[in-house]
């Protein structure tokens, strides 16, 4: 029988996008249909196509064959195409009459808003910032995610009927609760961790620095960024663009152990960012003398302080060693250390009707995960609003690389987005990479191995010695246009063995 | 048209008059002159046919099998070892119900190798399911070929026309070769009962299992039973069309009141008739029965004609060591209990001439009852003793 | 991007994005000249090969095709009276006369003025390389308009796996048991019928494998573009005779090609014109392992390196001879 | 019925001689039968062929055991072949030889024959003159017609023309006619 398995890309995607399916539509040039499948999970394909760290590609089986499919490139292509063509989101279901308030217009809040709106709920989103987007706006530099793209995707949500109240700090949770049938908290984690003894004019939180975007003042001299995560590198590259003569990333461990996405690190190095590993900042004087304690690498990635120190003169020290949740007003909601809100696997807090997601809850703290939270939380919220227990999502069986029959695939090296900006030191916040032209998007979509999901190559039909695989008119009702005629099948298993993508399963006739 | 030509040439001309569409040729003495004759006719454009020179007799008949299944009137010729080499295909052609006509220039089978005439080859395939007709004269050889195509196509059964090697094939004889129009009127265009036609796909030569094989063989026998009347009818029609009697199941000679009858097949009949005439002149009531149709075996006809005889001698040019004459065995089955004395005579093996003196002596011994159960005509005991001195005693004992 | 480049559609049998680039076997309206319901074993390579070849020939002739089949598995499993799996005009005569019967059919077509009906003869390796070789050579030499196809499963499978002249050295068969000082089929000089066919100078000779259907179909249609005698030798693994898992029939077929033991090539008028380049080569041992007929080469006590090396040398010689890489 | 036995060696045209006699008889409206002593003849081996000529249908298929006439194409046969077996005492003998039977030492068995029944002539030489090659057939047939009177020369010539159309036939016919006249001349003189 044919069985649809969970391809590793889908499995790895924090949003749970059905990547294989939309790639398969894209390779047929059915872009709108592909986009529709895509936005069933993710309302921000243009954003995630740019700023997501492509968890999907880490899972991609093709990596073991040649190189991963450039999934994000195709996603971005589809998202941008949808914007250009002004494809509206699918029409929501009829109004449910339920009202949901969402605090925080970041990726998680907007995602939950989108999915709830699709269910017909009336949604209002509150945010204390002047513009919506949360970390997508204030955390991701515009050279990675141009603001017009972000705005356009948010605008589509507004078009869907979502109300966004900006510049509105919610202070009274009880009042909000009283006004709504349910609430979703997605305020993110904005409270920077500091370094004891490092304060003053020349020390700034990296996230706050990023919030200024290109509008911040010009920099000069050496700017140091302390931290090894994505925020650190975003800050470092932004500093370059804002005029810093030299940007140094200071990291407590070895360069190999940087937690930032390797692509980001590579681009930063390419742009001229220096990385000084094995250095812990122990202090920063008012005139910008940063004291660094050198570390020596030890067992299992641990480092040990050495007695050696050095100093570095900087005009600015940006601290990017993590953020915490501001724990101001949520007395009734159980919070953990660092202010994070405890939720169950359906994103419900201990208070009925109050849900939370995004960076506020324990998670990987990425835009993508936040959007994923929103999607799943919306399901739980809807169930809650309908008085049902939260849905249990059926997990499909996965498809390991070994189940693929590689004979049928052709080697095809990955293609990457071309650059908009010259290599080397950047001069502006212009987006670095260009969206795929259709040809490349098509090429990448066609590279998808379609792991575990029939791509109608008809090999089974061709290799059956007994003509037991029916196709077309004689396989009426089959989703993939193929059907087994068990009267003719002798159970040799050739079809299952030869199936390139491993979607045929042999089941014993008698047990 | 009367012609004085070699028997083989007469056969070739007769075959050509039947407008065969595919002719397969492989040389083997003494059949060779027939296919040579046909090759001249085809190459010179006098006969529109595909002429295929093959690499063996097995291929010769196989090509004919394919051609016949392909819807073409097909012909080949062979002899002796060649017939045995194609034996598998001989059975196959009959099993596939393909109306192929094949001339057999009858000849002995080795070892020891011997290229001369007897009927060992024909006897070796007597169970193959073919209709087997024996010509007594070259005129009859000509006529039987014309009848053979009609019979084969009517009955969906291959026909083997057995023409005594050398004695007929290489004899320069007077023959009346019919005109093309006459043959065309007698033999309609081939309308195959089954053929490989993409417009009407069929499968020929399927495997048949135990549940149907008996029935298939039954039908094969049934076809031969039908052939008994068909052969007579075709001979009658032939006689009406061409004005001469040829073929049929048997030739009866001086049988009305015959007490002693010699039964045989093929070209020896002429010499026998001479001796029968001599015997009659001498006042002895002898007769001759010549089988034209050996397959199907005309049992009823033999019984009808010979049941009043006192002595029947079955003279045949074949021997199954350990058994005797195969023809005798069959005649015995028919006449046992009706004819008091039945003798088996093995004669003419490997080209040994059957002469009037020998036949005279045979009759004389038959009259006196002085014949072994299996009598070897003109057995030269000196050859035996030269080979092995102890043999004389062994033979003396039997 | 190259036009028509489909990273997962060019090697698969079908290509939903560009159906015309797929094989005939992927088409819904393929003729199925050998249709389902036949009695072949599980995973039969010959059943596949026959359908691939005949369908392609049917297409090339637009259905004007007559097929002659020699005795063997193919004939037995497809035509047990009163049923037949053949949807083309089909006949079977004997084991050793297939080529000659085909000559006859072709002659009949010429004689009847229907020579647009083309003739295809087919038989197994026993039928072709052994008992029917005389007739085959005769067909070649005369140049009758017949495409003769040999489905080579490297032994007499119909009768219970006995050695044929196409059985590879060392292979275990019922008549070459894996015992004694030279276990399995002894090494000989071999009988490469495709090369013998080439030596006859006939218009077209090719080898093909059921694992490479595009190549196979292309060769059949090329063969049908010529007239006169043509020869196609198709490698068809036999799960029963080889002692392989039925589901792995095409895996072994592929490996046979990739290791070099079954070179795919084409020749015209006596000269090799093209060989199928191997995108990868594998050691012969990888092909042989997993086939019970070669199990004695991989005994627990240690592999039979001497024979494995000899087989590898055979493969290497083919790779060099046909310039496969 | 008149029975003729032709003796010679493979390649001399023994079988053809018998065939031509049969054809000549056929052309005269007679029944005829010719056949060789079947064998796998090779060049130079002794060969026999037979011919029967009759006014009614010939049924007999045995070899000719008691010939009425012998045509001997090769005079070297006598030591190895019993050429004269069964020949009736008033039969005809025609030998291709420069030398007489007596000279060859085979005289005694022929002495009782009527003298004009035993004839020898250098057929090879005559053939060489008329045909260019020492093929004795036509010469012997012409001589035979003259010797026995069984067949008209014209019939023999017609048979030759049928078998060998064109100049080859004409040359052979000239040879036959020459021999015919020579034999007739010698008969008249004796």
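Things worth noting here:
Letters A, B, C and D name the chains as they come in the text, with residue numbers starting at 1 for each one.
Methods note: a contact is a pair of C-beta atoms (placed from the backbone, for glycine too) under 8 Å apart; a residue touches a chain by one contact, two chains touch by 3 or more.
The model shown is predicted, which means the values in this text are computed figures rather than measured ones.
With steps allowed only between chains in touch, the distance from chain A over to chain B comes to 2.
Chain centres were defined as the mean of their Cα atoms; on that basis the chain farthest from chain B turns out to be A. The centroid of the Cα atoms in chain A and the matching centroid in chain C are 52 Å apart.
Separation between the centroids of chain B and chain D, computed from CA atoms only, is 34 Å. Centre to centre, using the average C-alpha position, chain B and chain C are separated by 44 Å. Once the centre of each chain is set as its mean CA position, chain C and chain D turn out to be 65 Å apart. Among all residues of chain B, none touch two or more other chains. Counting only residues that touch two or more partner chains, chain C has none.
In chain A, no position touches at least two other chains. With chains as nodes and touching pairs as edges, the resulting graph is an open line. All chain pairs that count as touching, in label order, are A-C, B-C, B-D. Those residues of chain B that touch chain D in the shared complex are 2, 4, 6, 29-30, 115-117, 137, 165-167, 170-174, 267-271, 273-274, 351, 353-357.
Residue ranges of chain C in contact with chain A, taken from their complex: 1, 5-17, 22-23, 25-26, 28, 32, 35-38, 40-45, 47-48, 51, 211, 213, 239, 245-251, 254. Listed in rising order, the residues of chain C touching chain B in the complex are 63-66, 68, 75-76, 79-84, 86-94, 96-97, 99-112, 117, 134-135, 137-138, 141-142, 144. Across the complex, chain C is touched by residues 27-28, 407-412, 439-440, 442-443, 446-450, 455-459, 461-463, 465-468, 471-473, 485, 488, 490-494, 496-498, 500 of chain A.
Residues 21-22, 24, 48-50, 52-56, 58-60, 62-72, 74, 88-89, 92, 96, 195-198, 200-209, 212 of chain B are the ones touching chain C in the complex.
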